Amino acid sequence: MELEELGIREECGVFGCIASGVWPTELDVPHVITLGLGGKLGMGLINHVFNADSLKKLYVSNLGIGHTRYSTSGISELQNCQPFVVETLHGKIAVAHNGELTNAVRLRRKLMRHGVGLSTSSDSELITQLLAFTPPLENDDTADWVARIKNLMNETPTSYSLLIMHKDIIYAVRDPYGNRPLCIGRLIPVGDMNGKGKPYVYTNIHTPMYYREVLPGEIVKISRYDVQTLDVVPRPEGDPSAFCIFEYVYFARPDSIFEGQMVYSVRRRCGQQLAIEAPVEADLVSTVPESATPAALGYAQKCGLPYVEVLCKNRYVGRTFIQPNMRLRQLGVAKKFGVLSDNFKGKRVVIIDDSIVRGNTISPIIKLLRESGAKEVHIRVASPPIRFPCYMGINIPTKEELIANRPEFHDLANYIGADSVVYLSVEGLVSSVQESIKARKENENSLKTQKSRVGKIGHCTACLTGEYPVELEW
Amino acid sequence: MELEELGIREECGVFGCIASGVWPTELDVPHVITLGLGGKLGMGLINHVFNADSLKKLYVSNLGIGHTRYSTSGISELQNCQPFVVETLHGKIAVAHNGELTNAVRLRRKLMRHGVGLSTSSDSELITQLLAFTPPLENDDTADWVARIKNLMNETPTSYSLLIMHKDIIYAVRDPYGNRPLCIGRLIPVGDMNGKGKPYVYTNIHTPMYYREVLPGEIVKISRYDVQTLDVVPRPEGDPSAFCIFEYVYFARPDSIFEGQMVYSVRRRCGQQLAIEAPVEADLVSTVPESATPAALGYAQKCGLPYVEVLCKNRYVGRTFIQPNMRLRQLGVAKKFGVLSDNFKGKRVVIIDDSIVRGNTISPIIKLLRESGAKEVHIRVASPPIRFPCYMGINIPTKEELIANRPEFHDLANYIGADSVVYLSVEGLVSSVQESIKARKENENSLKTQKSRVGKIGHCTACLTGEYPVELEW
Amino acid sequence: MELEELGIREECGVFGCIASGVWPTELDVPHVITLGLGGKLGMGLINHVFNADSLKKLYVSNLGIGHTRYSTSGISELQNCQPFVVETLHGKIAVAHNGELTNAVRLRRKLMRHGVGLSTSSDSELITQLLAFTPPLENDDTADWVARIKNLMNETPTSYSLLIMHKDIIYAVRDPYGNRPLCIGRLIPVGDMNGKGKPYVYTNIHTPMYYREVLPGEIVKISRYDVQTLDVVPRPEGDPSAFCIFEYVYFARPDSIFEGQMVYSVRRRCGQQLAIEAPVEADLVSTVPESATPAALGYAQKCGLPYVEVLCKNRYVGRTFIQPNMRLRQLGVAKKFGVLSDNFKGKRVVIIDDSIVRGNTISPIIKLLRESGAKEVHIRVASPPIRFPCYMGINIPTKEELIANRPEFHDLANYIGADSVVYLSVEGLVSSVQESIKARKENENSLKTQKSRVGKIGHCTACLTGEYPVELEW
Amino acid sequence: MELEELGIREECGVFGCIASGVWPTELDVPHVITLGLGGKLGMGLINHVFNADSLKKLYVSNLGIGHTRYSTSGISELQNCQPFVVETLHGKIAVAHNGELTNAVRLRRKLMRHGVGLSTSSDSELITQLLAFTPPLENDDTADWVARIKNLMNETPTSYSLLIMHKDIIYAVRDPYGNRPLCIGRLIPVGDMNGKGKPYVYTNIHTPMYYREVLPGEIVKISRYDVQTLDVVPRPEGDPSAFCIFEYVYFARPDSIFEGQMVYSVRRRCGQQLAIEAPVEADLVSTVPESATPAALGYAQKCGLPYVEVLCKNRYVGRTFIQPNMRLRQLGVAKKFGVLSDNFKGKRVVIIDDSIVRGNTISPIIKLLRESGAKEVHIRVASPPIRFPCYMGINIPTKEELIANRPEFHDLANYIGADSVVYLSVEGLVSSVQESIKARKENENSLKTQKSRVGKIGHCTACLTGEYPVELEW
C-alpha cells in the first residue's frame, strides 16, 4: 500500500491501435486509445498528453499511438510530452516510449556532435532523432525503418518498449533485455467473429483480449492486415532477459499476463511462499486493500488461517498521509480505511502488505487496528525491501529515504508498532515468479520444441539487489 | 455495482466540528472539516461549496459546519450551495441540511405569504428562513433557538438531518422519523487522553471514533465543553421510526455504525439470508467489487462454497458504460474490471451484486466472464428490486426506467445473459437489518431498562414497497 | 488619468432590454444585454455575473436585465452578484441596482425584526426583500408592485437607479435625488422604421440611440408595447436634485447625454473655464490621453494655443504604476505612454489632466516629458481636488490617502515635479455643468412651459465639498 | 481602423534584456522582459509563451529573451512557441524570431536530408537547428557562433530579426534586407547616470530610451559590458533594403523611431500628402480613433480645416463586428464608438482612416455619423489599398477577400455609403516615408561622411504592389 501512497510507479505507459474494416472502425480508434491509456492512469492526465488540438485530429483516425506520463518531477510536462513527432525526409514519424535509456548521455552527445540540437531532456526525442538520423541517409530513398530500428537497438540495449508510427504502420519494439512490458491484444475477443479482431499493443494486456507478448528484442510490424515479426535482435551472448520483477509485485494489473502467467497468480504464490518463509501463530489473515489481497489470500490458504476483511477502503479519499500533523494523518487514515472492528476484536491479526518502502504509512494503520481491539498485529510483506535506485524507468525515493538503508530497519517492528514484521526473501520472490515459467520451458524442452528465440530467462531485481542487467553508463 | 454506475446516491451529506483546547485546535478545524467532507466525496466537489473566499476564512476556526452536494441535476450549483447563511436580529445562523422536506411546497408558500422572498429552490434556504422567521419575534430578545428548532420540527416531520451553527454552538438535529443518518464522533479515540476528545457530528461515523447516534427527533447542543440533549421531539402516536434501509444496502460505508450495528455485518447477513432464500449448485462464489463483497463472503460461508476473486477493479477508470457503442462499452468494462480467468476457468460461478436497477450494467460483466471460461454464471442480488421513487433525498431513476417495472423483468436472466438471477426478498432484507436490533431491544427490556425514547423501530422501504413513512404532500 | 490608474469608479452599472416583434427579437436580447453591459466593462467580468447556467437560459429571451459589478473589495463576488432574484407569492422578481442606500443599516434591522434573514451584505438583496415584504401583504392578491416601489422610495430616498423585472415588465426607477444616472434608449435609431424601435434602459445612453432620461423620482414601466411614466416621487420640500457631478468629470462616456447636454461638451467647457481661471504662458496645450482630451481642446481653444499630441497611449498595457520599484514604474510609464518628442522638443507644454487624486501618477509623466526635451511642464486639472468620501456608490481612497488632505498639497508643483499646477475651482466646475441647463430652463420658463416635475436643479459635490445631499445615517 | 478589427498584424515580436550591476539588476530582468513584451501585446498572451515553469526560472536572471506570438491560425500554440531552445555540444542556445523565411521549404528539406527530424512547422526551430548544424562541426571546439550566424544569413537572406542567446551573450541580428524592425535601447535614459544604462533590444524602441537601430545585415553582440558590431552581412549587389512600409502605416507605435525618423511624423506627412492628392470641400476633418489621428491632424493642417473629434472610443469593447446580424453589428459599433454629435451636426465631415482592407467595417461608422446629423461624409485613407499577400511575416486576408481585388472596389464610395473615398497613392506613401531619410542622407553625403554600410535605401511595398524584395521560393 505504501508504494501507492508514495506514488512510486513506472514513469509512463504506451498504447497503440489500428482500425480495421470490422472493428474498431476509424471512428472508434480515438475512443479505444483514450480507454487504453485511461486504463493505466485515469482521464485527468490524458489532457496533458493529448492537447485540444491533437484530440480534434483524433476524431477520426485509422491508427494512433498514445502515451501517458506521470508528473513525477518538476520537469516541464510541456517539453517532455509524448508521442514525440518529427518530420523527416520520408514523412512524419511518431514515437511513444516506456522506459529509460541507460546510455542516454552518450547518445545525446553523439547526436549533438552531428549537429542535431536537442530541444528536450526526454529519451523520446533522443530515440526519435536517432531514428531520423541513422546513416546512410543521403541515398536512403527507401527509408528502411526496420534497419534504422535495428541500428537503434544495437546502440542502446535497454530499457524501452517502443511504438513507432509511420504512415499506416505501427512498429512495436521491445528492448533485447525485455525490461519493460509490451503486449499485443485483439479487440474482438476469441470466439467472436472467428478471431479476426484487429490488433492493438499495450504495456499490459489482459485476458480475454490477450493475444501475445512482444518478445525481448522483437520488432513487430502491425498493419490493418496482420501482425508480423520482422526480426528479433539478440542480447549479448550469455545475458539473461531482465523483465522488471516489480511489474509482478506491484505495477501491473492483477489480470495482466506476462511470460505466460497471470500476475494475480504470481502474487498469490508470493503470499504462499511468504507463509512458508515467515509463518505466525494468529487467528486470521487480512490485507491492506487492495493491491496485497492476492498475496493475503495465498498466505491464508497456505497457513490454513481464515481470510477476513479488517479494513475497507474509501475510494474517494486521496493520499491522506500528507497532512500537517500526526493527529490529522491519523484521522486521514481513519477516513481512507474504515475499520471493520466486529471482524477482529480480540483477535491476533496478520496483515499482508505488498511493500514497505519508507515505513511510515503502515504504522497509523497498525495503531488504528490496535485501538479497535486487535490483540496482536503481525506484518508480512509480500516483497523484499527496496534498497537501490532504478535507472530503467521507475521513480523510486532516494537511497537515504529507503527504510532498508536506515538504522530504524534493525528494529522495524518496534518502529512501526507491529508485533512482528517479515519481508519475503529475494530468492522467494524470484522463485515465485519463475516457478511456472521454468515448468513450462522444461515441458517445452521435453517436447523437443525448437530453441526459444528469447534465450535465457532472468528478471531485473536491481532495486532489491543492486545487480543491474547492463553496465550503467554515465 | 449498478447503483454506483448510475450515480444513485444521497443528495448530500453534512459535517460539523468544534475545536477544543486539546485537539483539534483552531488551526485544525478547517482540515478536519475538509477531511470529513472529503471522506464522503473527494476534494473535487468541495471547491463548489467552499469557495476561495470562505476557505480563507476557514484557515483558523473555532468551529464549522460543511456540506457536500452531488451535482445530480442541471440546477445551478451556485444558487443551491450550502451551508445557507443568513443574518438575523440575533446574529448569523448557518444551516447544513441532508434530506428532503416532504411538505416543502406548502412551507414555501407560507413563508412567501409573510412577505419573505425566496432566492433559491433549496430546502436549506427554506429551513433557514423558517428558523429566522418563527414568531413571536418582535419581543424575542433572547432568541430562543431551541424553541425555533422545535417549532420547525413540528411544521415538517421528515426528512432531514440538520446542523445549525449559531455563534459558538452547533445544534445537531434529526427528524422525528430518523430518516437520514446523523452521528456524533470524538476525534480523539477511546483510550487516548482519557476519552476527552472533542465531538464532531457527521452523517456516517465509523469506529473507532464513534460516540453515538443522534436519535430520531433529538436536538443535541454541541459546544466546546460538552454534548447535551436538549429535547426529543416525538413522532405521531404509533408511527415507527423510518431510517432509510438503503443506507445499509448501499449508501453507507461498511464501517459505519447505525442503530448499534456495523453496516458490514448487516451486509454479510444479507448475503447469508440470500444463500438461504436462493441457493445454487456451483463451484465458487464471487463479488462485483467492491460494495457487494461482504454479502458475497456471507453467501459463500452460508453455502459452504469457496470465495474466490474473479474480477479486479481498476480504480482509475470512471463510469465506463457511457460509451458510444456496445463494443466500446464492452472494452470499457474490460478496462474497469480485470478478469482473473485462471481463478474460474471451467467453473460454475455465483456472482453477488448489491443491486440491479436498470439491468444493463451486469450483462457485459457476465459476457466477459463467459468469454473468459466461466461454465455457468448465476447472479444473486443482495437487495430487493427498486420499484418506487424516493421523496426523501435519494436520486433514483424514473419509475419507467427501473427494470422491475419493465417487461424484461419477467425473463431477467435471459435479458442479462445469466444462467439464473434472484433478488433478496423485502422480508429477508428487513429481517437482516432488524435481527440484532430486536435482539438487543429484547435484551434491554428483559433488563428492565426504561422505555427507549425512540419509540417503535421501523425502516423506510418506500423505494422497494411504495409505503412511505408519512403522507406525501404536493 | 489618475482616476483610471487608481481604479476609482462607480461600483456597478445596470442594463435592461425588452424584445419586440421587430427588433431586437427574442434571439437578440441576450446579445444586446451582453453588449450593453460590455460597453461598460468588458466581457471578462460578465462571466462573474452571468454564470454558465443563466447564460443558457438567456439564449432566447423576451426581456432581461443585467448588472455589472467591479471587484473593488475582497467581498465575495458570489454572494453579492446581481440581479438578485426572489420568488414571491406573486411570482419571481429580479432587481438590478446601481448606487448605495444611505440608510441601509436601519432598513436591514427593520427587515430582520420582521423575521427575514438576509443572506448577503448587498443593498440589492435588501431592496428585493423590502419589495417582497411591503405590507399589507396578506390580502394583497393583486401584487401592486407600483405601490411597493413607491413605498420603498419613501423608505430610502437615495441613492439608487433600479431595474425591477416582473413577468414581462421592466420597471425603471431613479431615486428622488437622481443621484445615479438612468436613461432610456431605442435600439432602432431615429429615422429608421419610423422610430418604432423598442426601448432599453441603461445608466448611460448615447446618441443616436438616446430617447430620454428617467427623471429623479420617476417610476417608468417598460413593456414590449410602450414606455409609460407611472409616477414621480417627490423630494422633501426645497431639496434640489443631486446628480453626481463626477459623472460629468470622469465616469460617463463622453457621448452620454445627461440633463439635456452631452458630457463631451461639459468637459470642453471645463477646459475653457480652466483657461479663464488658470491661464499660462506656453507654446502648446496637450492632454494625458484619453479622458482629458475634451478639456484640453477647450483649454487650447480658449487660450489660443495650438493643441498638439505629446503622448500616445499603448492600449495593451494595464495599470503600470504597480511595479516593485521606481525605475520599473518609470519604464512602465514609458511602455504605456509613448513620448512624441518631435512634437514638443524645446517647447513650454501645458498638460490638462482630468483629476489628481493621490498625486503620484502624474510625476513620472512629467519626468518623461522633461527627459524628452520639454522646456517647461505646467499641469492644469479640469476638476477640483477630491477631499471627502462618497457614500453613494463610488469607491474612493480613504481621506488620508487623498493628496488634498496631505501636507504635500501645499507645494504640489514641487511634489510632482511640475513648473506649476492649478485645479479647476468647485464654482467653475458647477457653472460649467449647470450653464446650459440653466439657459435651457430659463428658455422654457420664458416659454411658459409648465413647471418641471423635477424641481430645483442641483448636483452632488460631496466628494469635493463634504456637503452630502441627505443626512447620513449610521 | 479596419486593420485592427481584422486582427492584421505582425506574427510576432521579440525582446531581450541584459542585467548590469547598476540597473536593471538581476531581480529586475524578468520584470523588464514582461514589460517589454507586454508593451507589444498585453499580459494575456505572455502566459502562452512563458509557461509556469519558465517564469519561475525567470525570477532572477542575468539576461533573457522573450517572444510574443499571435494566435493567428489554428496551428498548435504549444508546438510553435518561442523562444526555441536546444542543447548543442557547446551549450544551450535560445532563439527568438520575428519574420518569415522566404526559402523555408528548401531549408527544411536540406536539414532533413542530413537526418535532422523537425518537430514543429516553425521557422524558429528551423533557424535554431540550422545554427546547431552548420558544418564543420566535428572539430568545432570553439563553437564559433558568429560564423554560424553569418552562414545562416547567407543561406536565407530574408526576413528575420533574431535574438540568439548563448551563455551570457545576446546576439541581435537583422536580415540583410532589414525587412523586420530591430532596435537597441538603454534602460537608463540619456542624462541619467551618465548614459551608462545597460542595453536592451526590441522590435520597436521609443524615445527617450532609444539608442540605435540594428542595421540591415548587422550582427550585434550584446553583453553586460558593451554593445559591439561584429559584422554587417551585405545584400546582393544593387538590391535596396526592404524595410516593411506597413510598420510606418500601422504596426509600429507612433513613438517608434525607424531609419532616423519618428513614426508619428511619417503618419502626419502621409496625412499632409493625402490632403495634396485628394482635397475635399468640407467643414471639418476627423479621425477613426486612434491609429489614424496623426494623419488626420496632418490632413487638417494642410487643408486649413479644423480638426474635431467626432467619435470617442470605448476602450473596454473588443472586436464588435463579429456579431450574428447586421443590427447587432451596428449596435456594437455604437458601443465601441461614441458619437459626439454636437461636434458635427449639420456639417460636412472628412474622416481619415489608416486603411481599408475588406471594406465592411467603415460602413457602419459612416451610417452612424449620418444618422447623427453629418451632412456629408468623405473618407480619405492614409495608405494605398492592400492587394497582395505578404510572405514575410504579416497575416493578411486572402487575395480574394481584399476589397481592392473585388468588383465592389470600382464603386467603393457607394459600397461603403460615403460621399467620396480616396486612398493615398503608393508613390505618395513612399515619398512620405523616404522624404526625410533622403534629406538626411544627402546632408550626410555633402558632409563627406563615409559611405553608409547599409547601402541603397528602399522599402518593401509587396502587399501594395506585388513587387517582393527577393524572388519567392516554394
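Order as written gives the chain letters A, B, C and D; numbering starts at 1 within each chain.
Keep in mind that, in the parts below, a residue touches a chain if its C-beta (ideal position, glycine included) is under 8 Å from a C-beta of that chain, and two chains touch if they have at least 3 such contacts.
Fair warning: this is a prediction, and the values are worked out from it, not measured in the lab.
Chains touching both subunit A and subunit D: none.
The interface formed by A-D recurs in B-C: of the pairs listed in B-C, C-D or A-B, only this one shares over half of its residue-numbered contact pairs with it. Relative to the C-alpha centre of subunit D, the farthest chain centre belongs to B. Chain centres here are Cα averages; for subunit B and subunit D they lie 64 Å apart. Taking each chain's centre as the mean of its C-alpha atoms, subunit B lies 53 Å from subunit C.
Our note on geometry: subunit A versus subunit B, Cα centroid distance of 37 Å, whole angstroms.
Pairs of chains meeting the touch criterion: A-B, A-D, B-C, C-D.
For subunit C in complex with subunit D, the touching residues are 23-24, 28, 31-32, 35-36, 38-43, 187-192, 206-209, 253-256, 262, 264-265, 290, 293-294, 297, 307, 309, 312-318, 320, 323-325, 327-328, 331-332, 334-335, 338-343, 368, 371-372. Only residues 51, 53-54, 74, 76, 78, 84-89, 93, 108-109, 112-119, 125, 128-129, 131-135, 137-138 of subunit C touch subunit B when the two sit together in their complex.
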